[in-house]
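Have a look at these structures, which come just after this line.
Next come two complexes built around chain A: one with chain B, the other with chain C.
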Partner chain A sequence: METTLIIASAEIRALFREKTIYAITGVFLLMTAAASFISWSTFTTADAVYRASVVYLHARGVVAIPENPLHSIPALVSFDNLIIYVLLIGALLAVIIGHRSFMRERRSGILQVLFTRPVSMRSFIFGKVLGLGSVLLGVMSITAIISIASSFLLPLQQISIEDIGHALVFFFLSFLYMLFFALCGLLFSIVVKSESLALFIPICIWVGITFVLPELATGLTPTALLNPVTLLQLPVAEGFFNTAQHLLSPVSLGWHYTTMSGELLGSSFRTSFPILRVLTEHWIEIVTLCASIFTLVIFSAIALQRFDPREGSIHE
Partner chain B sequence: MKTNIQSSVVPIIVTQELTKKYDNSIALDSLCLSINKGEIFGFLGHNGAGKTTTVSMLTTLIAPTSGSASVCGFDTQKESIEVQKCIGYLPENVKFYDSLTAYENLEYLAKLSGVKNPKEKINEVLMFLEFDDVEKKKLGEFSKGMRQRIGIAQAILHDPEVLFLDEPTSGLDPMGIKNLRKIIIKLNREKGMTIFMNTHLLSEVAKTCTTIGVLNQGKLIYRDSLVHTMERFHDESSLEEIYFTLGDKH
Partner chain C sequence: MDKIFTIAKKEYKDAVRNYVFVTFLAFLIVLTGISMYVGALNFHVKVSLFEKTYQALIAAGQPVSTLTRPEFFPLQLLRATIEYLEIIGAILAISLGYLSIAKEKGNNTLPLIFTRPITRKKYYLGKLVGNLALIVSVCALLFITIIGIITFVGGIHLSSLEIAKILLSAFATFIYLSIFFLFAALCTTLMRFPSNALILTFVVWLFFVLIVPQIGDTMDTDNQVPGGFFNAIHIDQPQSKIILQQFTLYETLRNGIEETSITKHYERLTFALLGIKDIYNGKSLGYIFLDKVWEVLWLLGFFFTFGTMSLYAFSRSKVLLQKVE
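And now, the complex of A and B:
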């Protein structure tokens, strides 16, 4: 356990020394702040229009003024954009963090020295995963603080303790989703000899999970691509798409993430579903995501056992 | 010629029929070797003879195709963690995290080796190696000789019983070679470390080692103490000639 913690803390320090990681994390956090600002600006403008209308209607002698429609909108709707940022920027950031995690050691050539230390491969990989997880959890925590703090400023429904609970579950779900991609980056940096190919493959997986699988798994429903909004078009449920839907739906992690997030934040149906309901209705999807993460950790450990530190590659 | 007062007849490195095959080629063929505690063993051979493969298997970096090896009484395959606790390893062209300082690199490796007081130990080792004011410099700024010394520092941080050195003089200038020789002898005499050294430089073997082994195309063709070797081949004027004579016979 002590060795795992040593590796994890070294991993965290090493990641925070990398300019690329700083740049992408910075963009992600900046987008979070921008999303908060855009929400604030949009809803404040709408609120100002409503107030001006009320003054105007009062001046015209209208007594029956309709209630402010913004007050019926769930406070967490302002987090909508975050779902897209996690799918697009967060997942990509995670791939790069995971890729750099092992590639840094391969590049430096220190593996021959590291692997003659009394450290089991299990401790080594768990240390890496713990380090990666801590960095991603840190990024998501900052995102959560910015988003939740800014939601108090919006003229929507008052944010409640229950809403904060929903938000925290959403951020944890986002963390798990990003961890999956970080582990993809880690696994392929161990398995693939070529550095560029080791980055290209997880990026292809990211493209597939983000853009291709949601389309096929939902029968070409255009809204399934990114937006967690109510379905506007009936899915194609014939022939190939029917089969594809059945086969690919369970592994369409991006689509599951979008759906669950939409239900938690209230963007799909303009009301947040209770956490327990979301978790019980989507338990298969949650188990699939956790099982994928677990499988990637196991595969990384197996790949590391077969890794030849002298060659910087794996013996076939 | 150096003689080692600390060497004893307790075998600390033992290999039995140790073999490594890569596809159709045999890198190491049934190596049977026993090295006693306290020896400085010079492992000689041409490029591709199988020296690095042998060290890689003894340091648990790669698994043998067949046969077995034990270091400090532990099987390199079944008890690799125990073996790793009692060995230090300096690979050829040792590499580190260049963006970290020498101290940060050593601290990380010391912690991984289970050293209780890393800071104290690093200072002690750097003092032993007569290395001052370098711990705050980034390793990317170091010369080859300095890197090699940091390489030795990382290998001895946890006071290993056996130290494996793979071509330790590779790329060093004459002064660097001389300093390294001094360190190797000092480690053996003052810390009682058994040293297993792969090398091309026959002059180094003559000045440093107590026992030699010669590897040719994956096979051990000779093994004896340096003293006996010089007596046996007294007609040959230098170790270099002995080496080539042995090579020609096989």
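And now, the complex of A and C:
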């Protein structure tokens, strides 16, 4: 256990030393800022448009004017864009840090020396996973704090304690989703000898999970899958897409993430569902994601057992 | 001139021999096939829905004149392919641009190379010619595959106008990918640490490829409420236009932000050429060109600006020859 913690803290220190963590945090803060700004400008304008519409209708003698429809929108809708940013950028950055985590050791040639010490391969891999997990959790926590704090500044956003609960579950889900990709990066950096191929394979998996599987299951084009607005206009599953949805559902992690996040934040149908309802309705998806993470940890441990440190140098 | 071609040949061979590049290209081709297949299935679903609605209306004794039978346009199958090229193609081009400079910069071999009788300008031009030829090959391979799938798998005979439209879309794709190549090469030349250049390029990619093109929809007031904002307050379209006249600055800004995205210009041009946007379906090349001349100018403007800037930067940059630890 002690060795695992030492390796985990070494992993975190390495990320700080390489300044990777600053870059990742910077990108996440940029994403949060972009999402907040887009929501702020849109909501402010939409509110002003409503007031202008009221004046316009009054001038034409209309008395019965409906309530501002923006008031019926869940407060967390301003987080909509974050779902897409995590799906794309978060996952991609996670692949990179997972990949670099083991490649760093391979490049330095330290592995041959390291395993002559009383360090088991199991504690090494668990240390790596713990280190990566802590960093991702830290980055997501900072993003969560800033996002929630900035949402208080948005107009028409009366965020309640319950909303904060929804947001926190969303950020934890995002953390799990990113951890999955970080572990993909880690696994292939152990298994594959070529550094670029080790990065290329998880990127292909990312493309597959983010675009190809949802496209096969819904018929939506890649850009439509990235647009919170078009996601609301999901076509009815018919014929092939109906079958594909059933067949591909167990592995469509990206689609599960988008659906669950949409329900938590209220972007799906512009109504947020209670946390318990989301968790119970999607328990299979949550178990699938956790099981995938667990499987990747086990596979990484097995791959490391078979890894020969003498052949650990980089092959191109 | 000989020196430029020698370097260009080497760049081209290096990439073609790199199995990661070849695998990535194969992956793009597979994605093209999948997206065209899904496009065809989507059309079948539309037809089947039409048939069901038609039969239901007939059975209920309702008029069917309001229904429009979905029409099949083979070039519209390319929609998802174009979108994959916008996102994944740009990553491929960025990787090429980054690697073309970073491989020598990272190894600190550039000072050694410039002890040979070759100017920086010629050396960069060689790299540029080699990589642009590579991007031409990638586009040619992809679009020939597309024509092959439509003709041999779909059994559809393409007219010469349709083939011309596909080829012009291939050319637009070449310009689009080259812009990302040139931008990545420029950043890697100007920044001391290649890895920082790669991060900056990806941030720019993220912003202009993924965020900005969606802004038009996400910032549209009417999209904020299911069923439409104006619909919810019982305001029809002509009335909404009158009200929105007070918000021209916001609307101009929203459109202006979209204009800055090179991806949006590429998409507008190719969607018009391929008839993915219905109003351009069946229109002549002259009509499309005149209507989309602004998009063509944006694409060419970005291409020549980044081309000139990267050439200038490579010829003059002091950072380029600094040792990378």
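Just so we're on the same page, the second predicted complex is superposed on the first by the 261 of 316 C-alpha atoms of A that agree within 3 Å, B and C clash if a C-alpha of one lies under 4 Å from a C-alpha of the other, contacts with A are read in each partner's own complex, and residues count from 1 in each chain.
FYI, a residue touches a chain if its C-beta (ideal position, glycine included) is under 8 Å from a C-beta of that chain, and two chains touch if they have at least 3 such contacts.
All values derive from a computational prediction rather than experimental measurement.
Of the two partners chain B and chain C, more residues of chain A are touched by C.
Within the superposed three-chain model, A:286 lies out of touch with both chain B and chain C [touch as defined at top].
By the document's definition of touching, neither partner reaches A:164: not chain B, not chain C.
In the superposition on chain A, A:137 makes contact with neither chain B nor chain C.
Judged by the touch definition given at the top, the superposed model places A:194 against chain C, while chain B stays out of reach. Overlap of the chain B and chain C interfaces on chain A: none, as no residue is touched by both.
On the chain B side of its complex with chain A, the touching residues are 52, 56, 59-62, 81-82, 84-85, 87, 89, 91, 93-99, 108-109, 111-114, 151, 154.
Against chain A, the residues of chain C that register as touching in their complex are 18-20, 23-24, 27, 31, 34-35, 38, 41-42, 44-45, 48-49, 79-80, 83-84, 86-88, 91, 199, 202-203, 206-207, 210-211, 213-215, 217-221, 223-226, 229-230, 232-235, 239, 242-244, 246-247, 250, 267.
Taken together, the chain A residues at the contact with chain B in this complex read 3, 6-7, 10, 14, 17, 104, 108-110, 112-120, 308-310. Across the interface of their complex, chain C is touched by residues 23, 27, 30, 34, 38, 41-43, 45-46, 48-50, 52-53, 56-57, 65-66, 68-70, 72-73, 80-81, 84, 88-89, 92, 194, 196-197, 200, 203-204, 207, 211-212, 215-216, 219, 221-223, 226-230, 232, 235-236, 238-241, 269-270 of chain A.
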